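Quick one: this structure, given as structure tokens, is what I'll be asking you about.
To keep things simple, chains are lettered A, B, C and D as they appear, and every chain counts its residues starting from 1.
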Amino acid sequence: MTDSSVGQISTWRAFTGTLKRDLLLVFRRRSDIVNPLLFFSIAVTLFPLGISPEPEFLSNIAAGVLWVCALLATLLSLDSLFQQDMADGSLEQLVISPHPLFILVLSKVLVHWLVTGLPLTLLAPLLAVMMFLPDEGFGTLFITLLLGTPTLSLIGAIGAALTVGLRKTGVLLTLLILPLYIPILIFGTGAVMATSNGMAVGGHLAILGAMFLIALVMAPLAAGAALKISLNG
Amino acid sequence: MHFDSFADFISMGGHGLYVWMAYGLTTVLLVINFVLPVMHKRQLVKEQARKMRREQQTP
Amino acid sequence: MQELLSGQNLACERDDRLLFSELSFSLSCGDVLQIAGPNGTGKTTLLRMLAGLLPDYEGEICFKGQPVLEDPERFRENLLYIGHHPGIKLNLTPEENLRWYQALYRPASAEQIHYALARVKLTGYEDVPCYTLSAGQHRRVALARLFLHPAPLWILDEPFTAIDQGGVKEIEQLLADHARQGGGVILTTHHNLSLPAELKVITLGQSRQQKESFHEKDSQLNTEQVTEQDPFTVDQRGEHD
Amino acid sequence: MMFETFRTWFHRMGSPKWFYDITGRWIPWFGGIAALCLLVGTVWGLFFAPQDYQQGNSFRIIYIHVPAAILAQSIFFTMAIAGGIGLIWKMKVADMVAKSCAPIGATMTFIALFTGAVWGKPTWGAWWVWDARLTSMLILLFLYFGVIALQSAFDSKQSAARASAILSLVGVVNIPIIKYSVEWWNTLHQPATFTLTEKPAMPMEMWMPLLVMVIGFYCFFATVLMMRTRNEILEREKRTQWVQGLLSSQ
């Protein structure tokens, strides 16, 4: 035993410590960042190939396609959110640490957003060019993704936490989470379409913001409760 | 009574197919919903009986 | 001696299967308590329950006389639990792994971490990614936390898994020291512990043996196996899952 | 006093045996009322109610579409509330009630969707229209499927009940948001389509049978729910003496 119990237990330090650890882990395995981006680009490319490369048509569906693909890319990356921690036993350590579990969940979700949601948001304008998104739509697309992707990560964390203890997850996570993503999709694309039509988007953004806040308050709690259940699955 | 004849009633003013399809499927589904738990219960009773017999054979 | 942890009438049922019931124990400061019993009798479940990982159980667990559920945070601050899986990230170095654990509890300086790693014979491995280390070394990284986190109560699930004989001796010494300094240890192990202090033992699965006669042969075999179990067979099993 | 009575009732409700006994007495009543109401409502709706001046006789589908749609939503709420009770107070019976809700709710949602689509054909000329009500029903059906799939993915019945309780609570929070956003989306894409059921004022002869049908559907749900929960009790408590005695006496 050491006689140096100088430092005090601090939830903030636990939050930043977990944040740092997870970022370091992602940095060591960069494919976790790159794969969702590749998926996003490939999936968007399929639409002109599968439907029609005509600029006028593409500019009509651009917002929807970009949003749907960003949503699916997020969804695919969610699978691994708690999987590693479950397998190596550090999830148990998170749960019995002397901190509110939802804070630590929040830290993991933040990392997930930083390595998937944020890069997707940054990449989206580039793909929007290829999809002939009307010029006015670019700003709105960026802002809606910036507001919407954290909500996707938060809600997705609930599904990831519910399914992490199962032997074969398969498409279950998708089945659980996709219906819950629909409102975000509707308002995200709605806002971009509205700007393209020269309408105000303040309302859409406010609703997206409200959904983010609701998810921010409730999702970590639900995910925390789900993790405790999954540990006993 | 709203309809003049039975044939009139069946045809529903040309919408018979839709009305009867909706009512038919609903009836089927409701009946299935009712029958499933009944069958399940019977199965549980049967299983218990089988278990009893097994226990009697090998005390 | 002051009472550290106690359980009254603990019972655990998992999916309609009763693992144990009416289990009471008391762990005072200075005690080492071993949970023994054949496989599948709920040793790990009991440890998880005591550590607060199992939400449904009957009975009451008290930490220093106060029910754990009344103030879980205080209990958790005073607990060090090392589970079946050591909780080591393979892509991080031992030092980074320990740094995260210390962020959850009390921060430690690099010197302290190096000292702890030296105590578990990992000097020179501080900066090596854990995936290059062996299973035994992973377990040692986890055990290094015992030198860093001054919690009075240790709950250790098979701490000797994959550890060589010399290491086992040292850890036994460490447990004895911890007990002498007023701490308490609860552990499961298949080793025959040789501790200078008195060892309390709870054996699970006895009542079941009486009830179900066909288990008897099994459990007799088990008690013999326990004494002879080779650490290396455990090692291999550990690596498989 | 009130509170005490409620607490003892709540406590007794948690005992599977008590629940089994009391619902055994209730089932004939609920079942009887359900059969009566469904029969009366159907005959009344099909034979006697006047036809709609715009939609003609296809309007008669309302007598199953609307009750099914109402039930689809209330069953989800029931499921979430029961799941929440099971989660917070660790009440086994509540878990079983929540589990039994899911298949009935999914059936009701499917009925609402199917009848809506069939009704849409003569009204809009297409089997499927992205109407706000139908779209939210479709999403609700997905939510039900999610709960059922999660329910069956767990080995442990306890964990299955808890996990699906969390999912249904999350779903309940989301249902109003989904409904609102789908309605908003609908006005954006299809301005001024006329909806199937929103009539300014329905004459008495039209909505009375509807009321009877709604009551009938509710009672039907209660009956099937109790039957399913009772089976669930028998299965999960099959090691207890009273269940073994009860099953072998039949």
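Criterion: a residue touches a chain if its C-beta (ideal position, glycine included) is under 8 Å from a C-beta of that chain, and two chains touch if they have at least 3 such contacts.
Everything numeric here is computed off the predicted structure, so don't read it as measured data.
Chains that count as touching both chain B and chain D, per the definition above, do not exist in this structure. Across the two interfaces under comparison, C-D and A-C, the one joined by more C-beta contacts turns out to be A-C. Here the CA centre of chain C is 48 Å from the CA centre of chain D.
If each chain is reduced to the centroid of its CA atoms, chain A and chain B end up 44 Å from each other. In terms of their C-alpha centroids, the spacing between chain A and chain C amounts to 36 Å. Centroids of chain A and chain D (each the mean of its C-alpha atoms) stand 32 Å apart.
Multi-chain contact residues, meaning those touching two or more other chains, occur in chain A at positions 232. Residue positions of chain C with contacts to 2 or more other chains are absent. Residue positions of chain D with contacts to 2 or more other chains are 155-156, 158.
Interchain contacts (touch definition given at top) occur between A-C, A-D, B-D, C-D.
Chain B meets chain D in the complex at residues 1-3, 9, 12-16, 18-19, 21-23, 25-26, 29-30, 32-34, 37-38, 40-41, 44-45, 48-49, 52. Residues 90, 155-158, 236, 239 of chain D are the ones that touch chain C when the two sit in their complex. Only residues 1-9, 13-14, 16-18, 20-21, 24-25, 28-29, 84, 87-90, 92-99, 228, 231-232 of chain A touch chain C when the two sit together in their complex. Partner chain A is touched in their complex by these residues of chain C: 51-55, 73-74, 76-77, 79, 81, 83-92, 96, 99-108, 112, 115-116, 129, 146-148, 150, 177-178, 181, 183. Within the complex, the chain D residues that touch chain A are 87, 139, 142-143, 145-146, 149-150, 153-156, 158-159, 162-163, 166-167, 169-171, 173-174, 177-178, 180-182, 184-185, 188.
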